[in-house]
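Here it is, the structure, as structure tokens.
By letter and in written order, the chains are A, B, C, D, E and F; residue numbering begins at 1 in each of them.
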Amino acid sequence: MSEPWLISLETETPQAGWELAIKLSRMSVKATQPSDEVRGKLRAAYDQDTAQLIASSQVIATNFQTVAAANGWWR
Amino acid sequence: MSEPWLISLETETPQAGWELAIKLSRMSVKATQPSDEVRGKLRAAYDQDTAQLIASSQVIATNFQTVAAANGWWR
Amino acid sequence: MSEPWLISLETETPQAGWELAIKLSRMSVKATQPSDEVRGKLRAAYDQDTAQLIASSQVIATNFQTVAAANGWWR
Amino acid sequence: MSEPWLISLETETPQAGWELAIKLSRMSVKATQPSDEVRGKLRAAYDQDTAQLIASSQVIATNFQTVAAANGWWR
Amino acid sequence: MSEPWLISLETETPQAGWELAIKLSRMSVKATQPSDEVRGKLRAAYDQDTAQLIASSQVIATNFQTVAAANGWWR
Amino acid sequence: MSEPWLISLETETPQAGWELAIKLSRMSVKATQPSDEVRGKLRAAYDQDTAQLIASSQVIATNFQTVAAANGWWR
């Protein structure tokens, strides 16, 4: 995680903010399990598991709160 | 997810905000599992499972916090 | 969910706000499982399951945060 | 739940606010399972189960956020 | 829980705030399971269980949000 | 945990804030399970378990909310 990937929380549109929230969620999984190979294998298991899909949505929702606040809710 | 679906967090009424929160929750599941077919099959499993219904409600509640704040709580 | 049920987040008292938070929590389950009959059957299962009772309380607590903020915490 | 039990979110001290957060957490379990007898039986099960004790703590922490904000963090 | 243990949410440093968040988390487990003896036995089970360690971290993170806000983020 | 490790919540960049959120998440696991040896063993189990990876991401997301607010969202 040495190369910079998070320069700013500001985005032009709500949708770009939403996509940033998804990126934050994925980067946090990567922080705990850095191996692309292992994550690739694991993905096959969890994207068919609704409990885990919902838990992933919870992480995205939490990160979207942060990004939306950072952008003054794009008002 | 290339076509825009999230133009603004502002809604005319609290209820429209509530419906946006539900949409955000569904779009985040879609972000992790993009296949309509797979999600359709999975749905049959989780909408009879109370633990997962409650977990879904938690995601909606979190997204509703964001939408409500974005609208100044419609005051 | 076509008839309006959420006109405002403002309530006269904290307790009425609490009851609105419970209503929001129930409506979000209904959004995912609209059948009254199915929800009635499911209820018999989860209201004896402490893990699910606690998870339901978490949803209510999250919705109460939103309603309390919307009311300026009734100060 | 017809008799009023939540008149205000304001408390004199942080500790009284903490106790209110616990009360809110218990009242939300009661909202879903109103029977004192059933809750009494269930309690014997979950107060020995660390996963559920931790989940209960999460509900208390969320309600304490609300109560603390309502009191301007007692500053 | 009759003796006062929570006089203020203000701390001199972020780290002292962090330690207060941990204390709040422990006191909320104690609120549900007051017996020191039972908690001591239970601890042996959950401190080797990563799912429960992570759930405990979630409670600490939530309480730290409250304490950090109470201190104006020590800015 | 006697040596100071959390001097400030302020960081120069969003990415440094993100890394602080990860550090907070790890320190909270350490607060509950202080043994480096035990945590090392446990890690081998949970970094292959997607449900736990997602739960860890939730903790990071919650801590990032705190750090981002502390930094005025780096605006």
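Everything that follows uses one rule, which is that a residue touches a chain if its C-beta (ideal position, glycine included) is under 8 Å from a C-beta of that chain, and two chains touch if they have at least 3 such contacts.
Because the structure is predicted, anything quoted here is derived from the model rather than measured.
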| item | value |
| --- | --- |
| Path length in the contact graph (chain A to chain C, fewest steps) | 2 |
| Any chain in contact with chain D as well as chain F | E |
| Copies chain A and chain F - rotation angle from C-alpha fit, nearest 5 degrees | 60 |
| Numbering shared by both copies at the chain D-chain C contact, with half separating same from different | different |
| For chain B paired with chain F, centre-to-centre distance based on mean C-alpha positions, whole Å | 27 |
| Distance from the mean Cα position of chain E to that of chain D, given in whole angstrom | 16 |
| Cα-centroid distance, chain A relative to chain D, in whole angstrom | 31 |
| In chain B, residues with contacts to at least two other chains | 51, 55-56, 58, 62, 65, 69 |
| Category of the chain touch graph - line, ring, star, complete, other | ring |
| Sites on chain D touched by chain C in the complex | 1, 4-10, 24-25, 27-29, 31-33, 38, 42-43, 45-46, 49, 51-52, 55-56, 58-59, 62-63, 65-66, 69-70 |
| Complex interface listing, chain B residues touching chain C | 13-15, 18-19, 22, 47-48, 50-51, 53-58, 60-62, 64-65, 68-69, 73-75 |
